[in-house]
Amino acid sequence: MPQRIEVGVLGATGMVGQQFVNQLRNHPWFELTWLGASERSAGKTYAEATNWVQDSTMPAEIAGRTVREAKPEPGAPKLMFSAMDASVAGEIEKAFARAGHVIVSNSKNHRMDPHTPLLVPEINPDHLGMLDAQRAAYGWEGAIVTNPNCSTVALVMGLAPLKPFGIRKVNAVTLQAISGAGYPGLPSIDIVANAIPYIGGEEDKVETEPLKILGSLRGGEIQPLEMTISAQCNRVQVIDGHMVCVSVELEEKAGVEALKAAFREYSGAPQQMNLPTAPAQPVVYLEEPNRPQPRRDALAGGGMTVSVGRLRECPLLDYKFVCLGHNTIRGAAGAAVLNAELMHAQGLLG
Amino acid sequence: MPQRIEVGVLGATGMVGQQFVNQLRNHPWFELTWLGASERSAGKTYAEATNWVQDSTMPAEIAGRTVREAKPEPGAPKLMFSAMDASVAGEIEKAFARAGHVIVSNSKNHRMDPHTPLLVPEINPDHLGMLDAQRAAYGWEGAIVTNPNCSTVALVMGLAPLKPFGIRKVNAVTLQAISGAGYPGLPSIDIVANAIPYIGGEEDKVETEPLKILGSLRGGEIQPLEMTISAQCNRVQVIDGHMVCVSVELEEKAGVEALKAAFREYSGAPQQMNLPTAPAQPVVYLEEPNRPQPRRDALAGGGMTVSVGRLRECPLLDYKFVCLGHNTIRGAAGAAVLNAELMHAQGLLG
Amino acid sequence: MPQRIEVGVLGATGMVGQQFVNQLRNHPWFELTWLGASERSAGKTYAEATNWVQDSTMPAEIAGRTVREAKPEPGAPKLMFSAMDASVAGEIEKAFARAGHVIVSNSKNHRMDPHTPLLVPEINPDHLGMLDAQRAAYGWEGAIVTNPNCSTVALVMGLAPLKPFGIRKVNAVTLQAISGAGYPGLPSIDIVANAIPYIGGEEDKVETEPLKILGSLRGGEIQPLEMTISAQCNRVQVIDGHMVCVSVELEEKAGVEALKAAFREYSGAPQQMNLPTAPAQPVVYLEEPNRPQPRRDALAGGGMTVSVGRLRECPLLDYKFVCLGHNTIRGAAGAAVLNAELMHAQGLLG
Amino acid sequence: MPQRIEVGVLGATGMVGQQFVNQLRNHPWFELTWLGASERSAGKTYAEATNWVQDSTMPAEIAGRTVREAKPEPGAPKLMFSAMDASVAGEIEKAFARAGHVIVSNSKNHRMDPHTPLLVPEINPDHLGMLDAQRAAYGWEGAIVTNPNCSTVALVMGLAPLKPFGIRKVNAVTLQAISGAGYPGLPSIDIVANAIPYIGGEEDKVETEPLKILGSLRGGEIQPLEMTISAQCNRVQVIDGHMVCVSVELEEKAGVEALKAAFREYSGAPQQMNLPTAPAQPVVYLEEPNRPQPRRDALAGGGMTVSVGRLRECPLLDYKFVCLGHNTIRGAAGAAVLNAELMHAQGLLG
């Protein structure tokens, strides 16, 4: 293995931080050498500071590493993944950006910022072109790049192949996994043998983020795609994998077979550049009538492939279908790592 | 307790049959005295013939009763509830109707028959006026009356209060409980920690039955309500209670408060007539942001009340909300018993 | 309904407190008029102060009542049920006892106190005879009476019918429901599709409490039953109902049929006195080979009956069997209410 | 990859058969070229004949292969894995053995046969020495070798490290996963939010198979280990991983630390021979107080490592602990593949 780039994780002890630790295990380009967390955890070993709740063992090479306080310090890696809670992520990420770090963040704080890319490498790699304007606007030496909310990404990966047909209206009803709520997250007594038709703040994200992601960069600014999304978000008793029941109205009524082909043939920069975390197919179309299913399909493509199925005509809009993505991989840590890979491949990590 | 009317159950040993046994336990008007099932079960006691899978004990007074073959015989009660599998219900129900029985059926076979009421007593009690035309058309001495599919009823009880505002379009995405699949139904390995975006035949029922239920009886025939429904049906790991995420377009944009009032004030013939199985409120509106939930709300009103919540404006159609009904009570056995109560109160049981 | 006795609940807003509210709804003897909780909740209405997590609606007559701080005050009812967390229950219960209240507690703090009854009315009603010694020892005008831990009670109700045969050794492996962990209790990500072979402090309670419960009161003190219990406690994905796999060594090898008869015929003071919360049968024996099961049997006898099954010879000790009790009813609120009913019937509430 | 040995699977379309297909995917020594199933499936492609219920995609190279009827035929591979249902496995396996095939079976039929090894390569590799006597006794050219029942293996891997201390008595209470019941297996309505204290035939297997596995081969016959096991078997809502709560009486009271060391240092022939499916550690001891847990530990060592934890003194016998094994890998397909690897390494595949 050649010399790898040192990277850090902000918020390393939480549930998303643990997912970053897993995602970076054996990464060919990046080596996790810096773990940042709250003052309370600083100075402890990662094993001491962390209630590891992944379905796997904590990597031995990380367990003994000393946790640092999440603030800029000499020698900290330039590339920082952020898994911090939204209550603190905003200011800390900005402090790191000012100090010259490139923050690849999974937190929601800067996603809708007008100078910050909301990046999905298959869909809008050109949005990285905003970073000069970002530096100019905020006076940062570093940068902040974000990935979408975990349910947004399952939807937007199902919409992106349809963009050439002109998406006008989208109805999206989600069935979301419990791992999306973090840790401790949902009390078991609330969700066992139950479903909850509400996730705080989620519907707003699903209705707005895709417009920016599918939008166009013009003159350093994003022109959102002109379409309307209505979302209803539900929590169900699933461990990993957010499923979305989608109806769409398209300008061009292309027909079911043409749309299936569009899903199957969808590909982008990560596939062309053969990025390490890129799945061979970012979207697969499943012909079985009862797929995709979270437990059976969430790990397709190492958790980076979104599965689509049940495409058929809709008596109300034009077409309806189901899409599914792994919420902690394609919807969180894997998404951010792919973002960083794209930036590295484009020479944006300096 | 005064003299009660003897009733029978066709298909008494299956899962829905067991729900009828439960629903008729201690009924003030009806006494279950006749249990019909397949030839294989006939002659055994109910306890011997039945794999009781309810979360309660088999009623002692029923356990020792001898199961009869499900065909007309002298002395069989006039009123027969039908819980038979669709593969056999069609012909057997007709044979009983020819022999003078009144069949109150939960099976799907005759629901969309042009001369058969698809009855929800709060919504369309006048549809019983079709029965003369039914007898004339088919030459029966008896009659067949049906109740809707278990997911239809949760939706249509949520739509009925909105009918005065002119319903034009409906998008309905269901999250359905496993008890709706009968027994053995869904293998556990398919649904534990999973969700399945497909239920065979279900979407068609949800898209068509409400039009008939909300339709108008004119000249002995139903004029379906003119509206369009698009449905997507999902199975989730819930035991009882079908939840529906609904969006509606209305002719009159009455505003959220007026619609909430419509839900709260909704009432019908069963409430006016004080039928034994009628809930005090057929629909309740819950103000908590995260309700209704299947495990917590399915048993409202003894399982006969449909719970509605989360009413808000929809950026795509006009309004969206969530409704929830108990699939084996309001969606099956309880629905049929309420139908029979309405018929008895109207003197239609002879 | 005649004049009822006013009662209070200490810790009324928590999960066990909510179970007391449910258990006392429509109680023929007791009327819940006083709700005590922490300083933070005091002054709010019960509806404001409480995150109601029961599968039922909060009783309307309680919702608007003002919560009081949990300390003695003029006019507070003499009889207080305690549902307080163990971290505070010890001192507060003593303060109320000093002030003349009778505390019927579900908390663990005083269970093993040498002057405090650990009461199961079917098993050891005579242990209430300790209360004079309690008052003398501690100088209280009031009293404290406790009920067992939720898994203890399922076991001890299965052992009590065997006491006449001389119990020497008991091996008990529990499968416990998530509701036993309170609220928020177990994070869903920890228990969905999982089992956890550890419950903090639980094994010690199961190994010690039954010895006191089954012991004899002599000279104002309990002589514990001489037997040895070994316990292993597991959490499983069940909502309500603790199941225990038991093996026993008996002095008298009475045979399977004699032991089944002992289970079936078991009865005690609550049945003789016809106490309101007493089940007709405190123990039922189920002959089906695959019973008892938590979801199907926990609510037997309104949650107050313990179900036993699978009695057979054990190649290691003498006999093995499975018993099951509802952990929040017979194992918590229902147990305490039955204790208070026994005390009232014996004139101990003054 | 060098020339691989062609192998077949009998019963390839069922759930265990599918696990063999998964387990043999990319195997360095064996190449799956022959798929046998019932007459009904013969002639179809594997994809047509199989309801694939694994949480992974059917391997493309297998999907198009034609299924054969499960009877000896020219050109069929010498090495046959058997995943057949017990109702047919007995006779078909014997027919193949007569025809010269080596059957490595997961079926129960021949496990307790006096001339058939019940093989766990770490524990009793020498039991393969029975095969000459097997051929002599039955006149077969081929052979039959079996692996234990899925819950037996979790227990016996936890007992094997303790054998040097002299195991006298064992109490074992299992918490077993639903995947152990095959497909369709347990109806979801029976097990969701429930536990079932009964698995047909299971307790007998757990009480008898370990005696043979841990026994000694003398003069071509197995002398079972002299110890007594009492088992109680429960089904819980877990997907993969059988957990066992064990108590043991040992001749030598070695102390907790010595036993932990015995677990940690346990190793056997598969590790020494570096067999492809052998885990680095067949047994791991976990110090965390709440481990092992099925969802978090079943896949240790690729599903071939048994996890042990919670070792402590037992007030009744000497020690108690919890062990956990993956029921469909170490308890079924992985076990059989490891058996075949051992046989190949010892030159027993001809």
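The letters A, B, C and D name the chains in turn, as written, and every chain counts its residues from 1.
Simple rule for what comes next: a contact is a pair of C-beta atoms (placed from the backbone, for glycine too) under 8 Å apart; a residue touches a chain by one contact, two chains touch by 3 or more.
Not measured: the values here are computed from a predicted model.
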{"item": "Centroid-based (C-alpha) most distant chain relative to chain A", "value": "C"}
{"item": "Chain pair, A-C or C-D, that carries the greater number of C-beta contacts", "value": "C-D"}
{"item": "Interchain centroid distance [CA atoms averaged], chain A/chain D, Å", "value": "40"}
{"item": "Separation of mean Cα positions, chain C and chain A [Å, integer]", "value": "48"}
{"item": "Chain C and chain D, separation of their C-alpha mean positions in angstrom", "value": "42"}
{"item": "For chain C, residues contacting two or more additional chains", "value": "192-193, 237, 239, 295-296"}
{"item": "Complex contacts: residues of chain C adjacent to chain D", "value": "169-171, 173, 175, 193-198, 207, 228-230, 232, 234, 236-239, 243, 245, 247, 289-296, 309-310, 314-317, 320, 322"}
{"item": "Sites on chain A touched by chain D in the complex", "value": "54-57, 192-193, 295-296, 299-300"}
{"item": "Chain C - residues contacting chain A, complex", "value": "15, 53, 178-179, 183-193, 237, 239"}
